[in-house]
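Single-structure report; data block below.
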Amino acid sequence: MECYSLKQSDVPALIDHLGAYGEVIAPHRKGDVSYSFEPVKDSEKVVLEYNRTLLPLKKCFLPPTEKLMDFSLKDMSYKPTEVPIKPAVYFGIHSYEMQSILRLDHSMLSGKAESNYFNRRKKSRFIGVSFSPDEYHFSESVGISIEEMEGFDLYLNKVSDDYQLYIISDKGKDLLKGFDKLIQAEPIHVEGREFNKKIRYHYNRLPRVFQYAYHSKVWAEVAERCVGCGSCNLTCPTCFCFDVNDQVEVTAEDGMRRRSWDSCMLSTFAEVAGGENFREHTLNRTRHRLYRKFKYITDEEGLPWCVGCGRCTAFCPADISMVDIINDLIREDEKAQFHKTVRV
Amino acid sequence: MKPKVAFFDFTSCEGCQLNKLNLENDLLDILKHVEIVEFREAMDDKADAYDIAFIEGSISSPSCVERIHDIRRRSKILVALGSCAVNGGVNAMKNLQPIDEVRETVYGEDKYLFATLPAMSVSSIVKVDYEVRGCPMTQQDFLKLLVSLVLGKQAPRYDSPVCVECKLSENECLYNRGMVCLGPITRGGCDAICPSFGQFCTGCRGLLDEPNYIGMLEVMTNHGISLDEAKKRMLLFNSNEVQL
Amino acid sequence: MSQDLNIKVHHLTRVEGHGNIVVNMKDGVLEKAHLSIVEPPRFFEAMMKGRSFHEAAIITSRICGICSLGHQITSLVATEDALGLEISEQTELLRKLLVNGATLQSNVLHAYFLAAPDFLKVGSVFPLIATHKDVVLRALRMKRLANDIGDIVSGRAVHPITPVPGGFTRIPEKSELVELKRRLLEEALPDGIATIETMKSLAGAIPQFERETEYISLKHPDEYALYQGDIFSSDSGAQDVHNYLDVTNEFIVDHSTSKHARFNRSSYFVGALARWNNNHTQLVPEALEAAEAMGLKPNCYNPYMNTIAQVVEAVHVIFDSVRIIDTLLEKGLKNEKPNQTPTRYGRGIGSNEVPRGILFHDYTYDKKGSIVEANCIIPTGQNLANIDDDMKKLVPEIIAKSKEEITADLEMLVRAYDPCISCSVHMLDVDFIE
Amino acid sequence: MKRLQEVKSNEALDLYYPTMCEIVDAKQLTDLEKWYELKLPGGQDLGHEPGQFVEVSAFGIGEAPISISSSPSKEGSFELCIRQVGTLTKVLKRYEKGDTLGIRGPFGKGYPIEKMYGKDILIVAGGIGLVPLRSLINFVLDNRQEFGRLIILYGAKNPSELLFTDELDVWQRRDDVELHVTVDQGDPSWEGNTGVITTLIPELDLNLNKTIAAITGPPIMYKFVVMSLKSKQLPDSHIYLSLERRMKCGVGKCGHCQINGVYCCQEGPVFNYVDIKPLEEAL
């Protein structure tokens, strides 16, 4: 892998250079203590040292709300929304975020592939950046290291005050053509970026824990504290459920069909006509959320569908922690195993 | 035939009425679909029967009760507009204190001169077909319902918390900013306008069907306010609704 | 004309809230002439008890949706006075901009939607859509812009969101203010000028009636007072707002659910006409020209001219808003957080000019920052005695007219005051004569 | 895991755009249910299997999954029958002959016809459950010699809610159909069975090895019907059920129809009982 060194002060120049390929989207400050991915207007404003953005990068490929079509009630006709294929560079992306996009690809493209998603995704390039885990990151526990480079075209590793830039794909190499601020360098291993939050088991063992956890009392404990606001799903980079709604203008002649992100933590999510609700209680819904991350898809694809970004925990007003729930399940499982052994 | 529409106000601040007059850009389009036959705040005319009656304000005196029964009898569809009508809104705060005490605060010695009822929602007196929530009701909500009624569509009840729209707008959660917010248990539909403008949600659209009160109080007290204060915040717009 | 007259207008239309006009004349002697307020009481003072200073303005803004901004800002000023919270210059400028927006919206609404139908002798603004479409569209446009000032600066024109004790929860973007300024100059200004023309053409319909009375408003040393100042009476001069109770002297009458007020005489006038009489020299020159064009002269004693004074103010606030935006942009917008750390606890008074006149909020806080006592005195309440006095003078003057005409003149008189009845019943409930 | 690179441009589909279909006939069957016959542009065949569904959309109102009620053997048009329960379905009541509706689909997996050839078919339909099963029944009738016995159990709340009464009469008269109708509550003119649908099962004389059961009805019916069939020793693998879930897309994306880990719109709505037995959220 080719490795170069890049001065911190040259990062804006790199961003400007990338602008030649397409729109550059990168982390910016938002609010008092938060960050968000925004199109770059001023490369000096890009923030490369951030913990996590409010909404995941998913928002660029599967927008929070998206118009599917315009329709006319006069003649019952409609006009599909065209989603153009546009080149874009996603700059300053953490490894878990990249992994979430790869998982999202699977969700939106396997079975019947969706064109809206495909078109947005088609010409995207990704430039990774390393990060220092805070009290919520736990991606290592789900098999994603800070330096995981899969999916990236280029990767920036922070080394003391400057960066090392790795060229990972040919597309990445193309992006750099004509950029002259790079100096050949030897890769350096960066020490001391530790994850503070850890799941106690290797992720391979989690499906087995979940196999016996369906009736655990942990769910009821969580449900007692959960206020059901849906923030955990809505900020999760691998959740992709949506709702579809029609909106009609005041003229009552035209309107549009829109889809928007939905959350399986909301009470009406699994309700059918007649009022039957297949996940009536918070307990059922919390459990479903975690099973979606660690069992259902995992059984098929062999990977946890959680990337350890910590958003669901960091943005939960009730401070419900994904890792704590899992560790509680593990503890309960161990206790059950212990009792079984003792009885035998 | 355009449906005959009427607006009536009871105990309220009339902000919802004003919000309709504030629909400057859409007012003329609306008038294409409906005929406004009664709107005391804006016109003199009166009519006998209505296809759709919009009711603003809480019911808080014996004469209000009579009037609302009368309007119901003459209306095909009756819609409660704004939190005062939907659940009593801020008016219902007076229901929290013993009525004698309330009167004493206001009238002093003369307190027994005056008759008053608790501030009640319209639906506690007559059947309400639809609700437009919020204090004030939002113009988009009102238009949405009006268009639905024109299309003959039954407007579904919205039961998702304010947090949903807050997230979709990519707001920084006020809890992360050290503030206390009622968004998690408040019925959304307002596009999380308050958090989007940096202010906590006061719960003006009423609570979800099944709010987790205990969980919410725990969240609020964990973020630095007393239990007493947390309960008061919850009650602000929902004195008639909160079950603690 | 007979010597007996019995007028009872039940639930007067085109005013905010519920009120009845009652006139009773027997054998040529006027027995009764008054506006009775019949709105059910709402007990705001009681509701405020025990509430935190974070909530005070949220609650009082709900006293009245029409004047919500006025109540909110006045409430904030009272809270800040009580808790010793300093506010920044930027906060003050943004508040003034908001007050201007609210004044513009309310005055335009009143002039076009509530008063103009009287001048044109129709029942509401809706028939005017067919006959005077461009005028209606203009009114809607002006109102929209006025509301947009509220929407942009305070989040929402009715029950504003961002103004909180000590500042704002969100500061508008520079680009938003630049755009507002553009619209004020390119849309509001021409519309304002056209409004003057429209009002000029309607001026003939304004009844000629005069009654000199005491005019009370705020007065500010540097500007046309809308946001803060001293209390000023045309009879006795200036007073500190902390002495407001000496001015308002509220008293109970048996025909109204709202208290009345008096100071040096049996009644006084608050609102646009009082502000005009007391402070017209501080208006921008363009507003003074507008006044002249519409026949409004200093020391005008015709209450019907209140509507014209409102239009003059509309012109003033358009110019003043542009000035405020310029100042804000010049100084650069700062992302300030509200100052919410109390430096003392106790009593505080807030007073502002809202569209209908001078408004007072008075709170006392305990050491936890919760309200122990609250009092609000509302412009319409202060005007009620003056309206009654006007009626007593007016009825004998027009007694030769038909009953319908007399009723119309009386309704128009009450509407000229732009009474806000929702506000005035924030507290009191008395049985009234049906 | 599926990768972006594995997807060719022409494989990425516009999944959410309906085809506009003309209503060529419509009839109110009961107070609540209305029947529609629709035609695709150019009279194309829908190409469905019994048990599959389409997403029906009316602009301005929304979309809902609705079973195809006609047999695939019917050419040139297809039929739906819709109960008015909510936002969309209530508005559809006003749609008449000549109006257009948007259709996406057919979606999902229907009944395993291949496995049913030569077998006895036991239909258990509760209420509106007859709608998708009618597709199967008519398919069997159109290919009568390919199948063994056709036993139909049909239950409704009361006689006025019985659907397709004309066809019930025809089936009743045919001697190659064993039709048993019951209502929960009869009325004075009702001469047939009363009682819930499970009361019909014990009397059935079934050839257990040869019988395949197809059940559709309201959620609470399934548990009891399955229990009765099991007590008759019908093997689990011979039981097929069609499950209802909320569906927003019909193509396995929106997540609403998930039953534990299984997407009802993809793997279902018709399931073999063996496959859903381990799913806690299924019944």
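In order of appearance the chains are A, B, C and D, and numbering begins at 1 in each one.
We take it that contacts are C-beta pairs under 8 Å (C-beta built on N, C-alpha and C of every residue); 3 or more make two chains touch, one makes a residue touch a chain.
Remember, predicted model here, so these are calculated numbers, not experimental data.
Averaging the CA coordinates per chain and comparing them to the mean over all protein CA atoms picks out B as nearest.
Centre-to-centre, using mean CA coordinates, chain B is 42 Å away from chain D.
Centres computed as Cα averages put chain C at a distance of 65 Å from chain D. Chain A and chain D have centres, each the mean of its CA atoms, that are 38 Å apart. In this assembly, the C-alpha centroid of chain B lies 25 Å from the C-alpha centroid of chain C. Each of residues 60-61, 86 in chain D touches at least two other chains. Contact with two or more other chains is made by residues 73, 248 of chain A. Contact with two or more other chains is made by no residue of chain C.
Screening every pair of chains for touch gives A-B, A-D, B-C, B-D. Those residues of chain D whose C-beta lies close enough to touch chain A in the complex are 1-4, 6-7, 9, 11-18, 20, 59-63, 85-86, 89, 99-100, 102, 218-219, 244-246, 248-249, 251-256, 258-261, 266, 280-281.
Against chain A, the residues of chain B that register as touching in their complex are 26, 29-30, 32-33, 143-144, 146-148, 150-151, 159-161, 163-164, 167-173, 175-177, 181, 183-185, 208-212, 214-216, 218-219, 222-223.
Looking at the complex, you find that chain A touches chain B at residues 30-34, 36, 54-55, 59, 64-65, 73, 224-231, 234-235, 247-252, 260-261, 263, 266-268, 282, 314-315, 317-319.
Listing the residues of chain B that touch chain D in their complex gives 151-156. Chain contact summary for the complex, chain C toward chain B: residues 11, 13-18, 39-43, 45-47, 49-52, 55, 58-59, 62-66, 68, 109, 113-114, 117, 123-126, 129, 140-141, 143-144, 147, 155-159, 161-162, 164, 168-170, 252, 422, 427-431.
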